[in-house]
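Common to both upcoming complexes is chain A, partnered first by chain B, then by chain C.
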Partner chain A sequence: MSDANAEKINRLLQQRSFIELGARQRARALLDAGSFRELLDPFARMTSPWLPKQGIVVQADDGVVVAKGTIDSQPAVVVAIEGAFQGGSLGEVGGAKIAGALELAAEDNRNGIATRALLLLETGGVRLQEANLGLAAIAEIQSAIVELQQYQPVIGLVAGPVGCFGGMSIAAGLCSYLLVTQEARLGLNGPQVIEQEAGVDEYDSRDRPFIWSLTGGEQRYASGLVDGYLADDLELIGEQIRRFFQQGLPAEQRSHRHAWFLERLQKFDGSVQADAASVRSLYQGEQL
Partner chain B sequence: MSTATVQRGLRWFQLLAAKGEVQRDLPDSLRVADTTLMGQRVRYLAVVPDSNNRFPRARNGEVGLLEGWGLAKAIDQALEQDREREDKRALIAIVDVPSQAYGRREEALGIHQALAGAVDAYARARLAGHSVISLLVGKAMSGAFLAHGYQANRLIALRDPAVMVHAMGKESAARVTLRSVEELEALAATVPPMAYDLESYESLGLLWETLSVADALNPGAEDLLRVEDCLSSALTDIANGPVDLRSRLGAQNRAASSKVRELLRAQW
Partner chain C sequence: MQTLSFQFSAGHPAQGRALVGCVGSGDLEVMLEPGTSGTLAIAVVTSVNGGEQRWQQLFQRMFSDQQMPALNITIHDFGATPGVVRLRMEQALEELSHV
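Right after this comes the complex of A and B.
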């Protein structure tokens, strides 16, 4: 066996899954060793004031972990959404934790402290049990991302298995760099809702291969709608995130590229349905 | 959805921007025009139905791919043109958007990114010192409202039964939360953030002002004047305040949003 092969096998044996980690473990794993400090941790008991009224059991952190620490020795805040609680949906408290943390990071930057932000997105978007307060919080999260990405790269990671949907997919689209794995899906509307609103011929929510072919991580990367396509390897994911932070701000934010996207969409034949191949060919090529 | 509801945005745009020239280099589903409001430079923006939209799922005033990127273009243009000016024109979003576009083409081509384009442009404009106001004259739903209106410094709503802010239509919300529509309505009556009526929304503290008009669909001269007065007061109010969204905090029904921020700051 060659040395290279031995190294590869060794690596596979030592590989640790990122996707199987919970939100708190994910945040801890991506900050510099020993630097993790959680804000508003579960002992603060900031729980949803709205779920008990509806007979739903609350979670002590409302499904959002906010941690300060360092990444490459630079001040950082990591926000991790727990996909296992209410589908990663954002209510008033969880939403305010994210918005508040990003607002403070932006304030740091205005004051000359280069705090950077990393968002670990596992979310269906607005928590419908807190509907309008979730939506309002997402607008504030988006505002804070737009402010922060003028100073520092904001990195979003959709690892799976929940994926990133609803208003938070728009937030993902505001990130300086967006990274996905093969287990990630990224889209505005959940399959069930599209089927409900537009009919099963338009979107069959039970046809999983079809849905993955359009919104899965691999397709999003091949279409240039995300910046990195990562293996489920904790160490590699950490390295990639550091590499993107080291790049600094992108030459042009994806969310600023209306001229390019409008020009491409002009070439799309609206009379036929879209499929994975037509989107790839439309969006591939010169990106700027 | 009634045709009457659909045309509200267009009607208010035509009245408010009557003296402005409608911009030609944008998708037909957008109406954008520059004019003045009581001496101040303003750009009105509306998303309107376009039965010939190349994207069939975006023909009834939904915010889709062309609308998201088109709004971004129209706002970015104002940002560029006013870059060196002190008196940056105000952006006034006339909001009557039934939903984002739900469709296969939309998901496949990245409607989330198109909406991010619009959000980014509105937020950047506000942060750069453009006053941004949203005037809610009809529905303000979910992703469509996030893309067209929710980044404003001030939100103003007409006090009218057809004006509604929500995250999801009733039928879909019932399906996703595994409830019947009747159960959903019963819950909404006791949980203000879930409710579909304007009074409940108002109790969350997000609106700067609500405004009664005689006829929200066919407004007369007096209605128009009242709305223009209110927009003008909002511009004055914005000029004296911060560029962020903190003016939305403080309502009793949104106390946790303030509490979380206070605790985060203490532990930061």
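Right after this comes the complex of A and C.
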């Protein structure tokens, strides 16, 4: 066995998966060692008042972990959504925790503390059981992202396996930098919703290679909709995040380039079934 | 959904608190906090109705051969099997011993 191969194997054996971590472990792992301090932790029991009324068991943190600490010795707030609880859906409480955390980070910046934010997104979007309250919370999160990135970058990371959908995919699009893994999916509507609306002939939600070819992390990166495409390796992900924070604010936020995106979308021919290659070339502006 | 409560005898209050698990499919969240001296109180909120006997026996079997510290335990259960419940309980107690 060559040295290069031995090194590769060694690397694989030592690699720590990020995707396999729960929300709290993810936040802890990406903050500087020992700096993790949770706000409104589960023992505060700030749970959803709406789920029990509908016969659904709550989770003590409502599926959202908000942690303060440092990244690269700089003040940071990390928000991690737990995808395993109710599909990472955002209700009134979880949504308010995120919006509040981002608003406090902006206030920090106005007071001379350069707090930056990292969002670990694992969410199907609004929690249907909380309907308008969840939607309102997501709107507040979006406003808070826009407000905070006047001062500091807001980095979004979609690792999987849930992905990021609904209103939160818009929040993801607003981030200064958006990072994904191969396991990630990013889209406004989830596959089952599209299948229901467009029909199974057009969009088969059980055809996993097809779904990932259109909404998966690799495709989103190739289409220029995200800024980083990362392996499921805790150390590499941490490194990338620190690198993007070091870059500071991007010269132009992706959300300010809407005219550029609209121009391309207008060239889309809806009469032909889209596939991965045609979508990429549409965004890249190349001829097939 | 059903809310159940159980009580067992216990020793001195535990030091510190612990949380393990997640309210995901087939899993549960277990929270341990110091309780009142002599009492181990468990509150279970579960998505599966009619399992009171099963919970009672699971706890009895777990606590029969050990003196437990006084704890307030909160469980949010999303259809975990007794085996998973026991593993999570033991994980939480182990976390507590590291506090």
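The working rule: the second predicted complex is superposed on the first by the 275 of 288 C-alpha atoms of A that agree within 3 Å, B and C clash if a C-alpha of one lies under 4 Å from a C-alpha of the other, contacts with A are read in each partner's own complex, and residues count from 1 in each chain.
Convention: a residue touches a chain if its C-beta (ideal position, glycine included) is under 8 Å from a C-beta of that chain, and two chains touch if they have at least 3 such contacts.
Computed from a prediction, not measured in an experiment: that's the story for all the values here.
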Chain B and chain C placed together on chain A: clash or fit? fit
- Determine, under the contact definition given at the top, whether A:84 touches first (chain B), second (chain C), both, or neither. second
- prompt: Who does A:43 touch here: chain B (first), chain C (second), both, or neither?
  reply: second
So, A:117: does it touch chain B (first), chain C (second), both, or neither? neither
Expressed to the nearest 10°, the angle that the Cα centres of chain B and chain C make at the Cα centre of chain A is 110
Is A:180 contacted by the first partner chain B, the second partner chain C, both or neither?
neither
* Asked: So, A:159: does it touch chain B (first), chain C (second), both, or neither?
  -> neither
Item to complete: Give one of first, second, both or neither to describe whether A:52 is in contact with chain B, with chain C, with both, or with none.
Response: second
Task = Could you look at A:22 and tell me whether it touches chain B, chain C, both or neither (first, second, both, neither)?
result = second
Per residue count on chain A, the busier partner among chain B and chain C is B
Least Cα-Cα separation in the three-chain superposition, chain B to chain C, whole Å, stands at 14
Residue overlap on chain A between the chain B interface and the chain C interface none
The chain B residues in contact with chain A across the complex are 53-57, 65-66, 69-70, 72-73, 76, 99-100, 102-117, 119-121, 123-124, 126-127, 142-143, 145-147, 150-151, 165-169, 171-173, 175-177, 187, 190-195, 201, 204, 206, 244-245, 248, 254-257, 259-261, 263-265, 267-268
Listed in rising order, the residues of chain C that touch chain A in the complex are 1, 17, 19, 22-25, 27, 29, 31, 33, 45-47, 74, 76-78
Listed in rising order, chain A residues that touch chain B in their complex are 39-40, 44, 46, 48-50, 53-54, 66, 68, 92-93, 95-97, 99-101, 103-104, 125-126, 128-140, 142-143, 146-147, 150, 166-167, 169-174, 186-190, 192-194, 196-198, 202-203, 214-215, 220, 223, 225, 253-259, 261-262, 265, 268, 270, 273-276, 278-279, 282-283
Given the complex, residues on chain A that touch chain C span 22, 42-43, 52, 55-60, 82, 84-86
